[in-house]
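So that you can tell them apart, the chains are marked A, B and C in the order they are listed, and the count of residues begins at 1 in each.
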């Protein structure tokens, strides 16, 4: 290739990365719609405000600290040490694209928590957890896998983040759920479960479509290029990205269909929750491996992902863990499965660990375990301590009233009759 | 062009096709919002679940069967015979992009039905119709037009699918509507019509914006390339796609404005329904011809499309055909018009049939007629038979209660007070 | 560069411009969701219909007249004089992309008004204002700045339209708000303010995400190219666009975070309104300068934008100006700030006026002042006259009942029991 061809090849890749970044960004809207739709009406404003706020806060924090910890020069494969407050902006297109693409991934990992703890976690506490994840937990685990850290060195592969993004978000959610406990009235002493009505299931389904849409960038962008250049410096005839997107399309579809019928069997109904979370679990499941499998494998991996979502949801109910939106079944459980599935299904040439397929599977388990220990461990300790200083949970009265009141809204069903100084705060019909 | 330039030209085209694919995929969300917004509140979950489910199911079916029937090697111009369960996924970018682009088109054709039959078609029956369309009816008609089949050989042109996608979806909807009948209480014996309140008109308008957004990929992607390479193998100075997108923008706008004022005249109000369906009808109308017309023609074709939507909506009410979202006026009627309009408005160099413009118009009518006979015919017979075996329509009580109950939700206005084992099913506030 | 490389470089730029156009188009959906969410329930259909209608109408008008006035050959730097009803469509990719990119910008400027005047402006009057803005006011100011007009000649820089789009839209809104007055019951004689409940704050937050998403195209597309070609005709190694998008991401985030905490201080709550409008104000603020600043400046400019939104919102309440969605704080005030901020923060090489940074700041103030005089002036006079002929405001009864009734809907809480001929008009649950 001549110099101009090289520039074109590189920058068409950056164009695709930018498009992917923009698609991944919209997943914030998908999570917002999904989580609002699945929450009780008295909590929807709180859920929406948490979603939008965590986007803004995590982007600033990732710029200030996270990006450097994750992509700075490594210290012993453990932590990045430079590139804090990077001077991107005008000029320096390569640094800029690297930052924004990674920043929207960090925001995605962060926002997974918000729906799980809907209905009882204080807004101010939530902000602290956002700081913890985007400024510390996520970037460090990410460094291990995606910036040549100790897991990468052992050949751990997580293409677009079944573990790095989804399981990490899921582990954080699990730690928070255990410390904060179930919504009041969710579980009865006899083990039965009370229904807490979702505010708007069609909105949740719409959120699933938006997430799926964004996922094409999430997975497709993780190729980090549009063209494939061989080791000899020649151009491959066609881009590898469409195949990745095809697996993403098919994996989500398979998760949907399997969860639809399995959920129908379990609950007696073809429920909105089953198809929604089945789709997402299928997508999470192919995220680690979509660059390395063919379409039939995507059907199997996505389908098993959908089945896992249904199974783990039932398990959580038995364990009396109250995950409002299904973040654990979808992001944690299917994320573990997808990461493992790389070892099982990836075509030979994609294996990176010593010891062939068996060795790869062991390394995948190591990476999964490391995420568990690091993410769940640090979050659990940090939240346990934080909870001592400033309780994470709202008071019983506030929970009863609904968390919309945290944002200046009147509880549903009441009306202010007197003129109010709180006008700019707003209210809802 | 040298080899690298050829690779770049081809793959920038694939990049545009991928972006278009992703845009078209989002139309699922647009249809979901539109149809939920126009349906009665007691049916919205059913409508949303049908929309998401048909996306997943149709993608798997199109992968297993449909793609091969449509794009496999032809048998006598009638049917494709290979490429079933194609081994896309990693590698093979060309096959992957061909599959995903076509798969999202198939899903679009399928989902048109869901809104028309809202409020009375059983979920399980709906699944059978999805199988029928995405695995059989759509791919075969598509083969005739887009894979060099017998209609293509005669010079039938339907650029992005006014007929292949929209009319096909519309004919399926019409057959279903005739067999299944109107919602209970919709029509009175004296010919007057009872209003069935839409649940959320702003959501429907939002859905129209999403659909318009996706349509830029639907029409623009149908160019199947970004650059134009001449017969001599040289590159044209500029891409033809922006002109196609411009016509799509203008055609939708013209449909909106004409339907706004015509609807205002007819009903006395500038209604949400008129501008929404007017926009969509304008878009459907330019879909067959947007590569071959200038902007003034787009104004005329789109504007007439908007007028047709208003007129056919009135006609259906007279015929007591109860099309909840206006699928027939928008997709069937404007689709026929747009296909015919190619013959009337296309610039000379785009005509493909023998016999000049007159010949082209005749061939366009042949293609329209073939869609009617094949799609309406097969669907009508199949649904009529299916209806004998397993009634397509829910019981009167179920219809009264609302189809949300099919998905485990309590009827609006009732509450479960006792703890319920159905917790994972969910409910709505 | 050889001829093919030149074609590729140019047309990859057009591809990015097309993607940007499509993203900006979706901002119509973002504004719809935002404004519907912040409006009272009895007005939401009216707000949604206005949003969709202004998109269609403004596109046709901009095609017929506006594009020519703005981008036609100049008469003395004041007004464009040709290119009316341009023959875009098939062929002529360059003209087509120029038109559609500019048309969606024009639509954005127009739609800013609709939310501000929610709840009392007649639909028919609104249509006249749309004609005025998209066919006259916006294109002429745009000509001065973006087509080499008299402000451009003096070195006025407004990269993506903090003033050209946002302040212009804001000035129009301010003129309309002054003439039309506050919603009935909004302000009390003692200066206190009555809360008018927002219909759906989560929807408004979702709208903010959609707008942010579209803004990446709004700002990134304004580079008008993907590759940078030096004066010597050589290709720069990397695109400048990712840096622009990074500043857009960071500017919005900074606006969000500052407005969150400042609003919390002012009102006692972390409100949905504060984070939503803070984000948008941050985005508006970096719009004029995102090509010329580094990331730290984006934090400062966006953050100050967020603070301004909170401050101006309070100011408007004191002045008893009833801006339902915050169009003045967000689009006008932050737009002025961002335009000025170019003079203060832009890196040296981007300054274009005589007299260094001081001279640039003076020219920026001149451009801001010209927008005020032209846009506010013409709109005020035109609406004042129009108001004499055909009152802009609905009657007191209509306002009380809600503007949804303008579109054939029954007032909230009433039901038609008798069969109605108005069936096609629709109603809402």
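Heads up, the rule we're going with is that a contact is a pair of C-beta atoms (placed from the backbone, for glycine too) under 8 Å apart; a residue touches a chain by one contact, two chains touch by 3 or more.
As the structure is a prediction and not an experimental result, all values here were calculated from the model.
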item	value
Same or different contact residues where subunit C meets its copy subunit B, judged by the half mark	different
Relative orientation of copies subunit A and subunit B, as a Cα rotation angle in degrees, nearest 5	120
CA centroid of subunit B to CA centroid of subunit C, Å	32
In subunit A, residues with contacts to at least two other chains	5, 8, 12, 15, 19
Complex contact set, residues of subunit C against subunit A	1, 5, 8-9, 12, 15-16, 19, 23, 38, 40-41, 188, 192-195, 197-202, 205-206, 208-210, 212-213, 216-217, 220, 226-227, 235-247, 249-250, 252-257, 260, 263, 266-273, 275-276, 279, 290-299, 313-314, 317, 347, 350
Partner subunit A, residues of subunit B touching it in the complex	3-5, 7-8, 10-12, 14-15, 17-19, 21-22, 25-26, 28-29, 32-33, 36, 44-45, 47-49, 51-53, 55-57, 59-60, 63, 85-94, 96-97, 99-100, 103-104, 123, 406-409, 416, 419-429
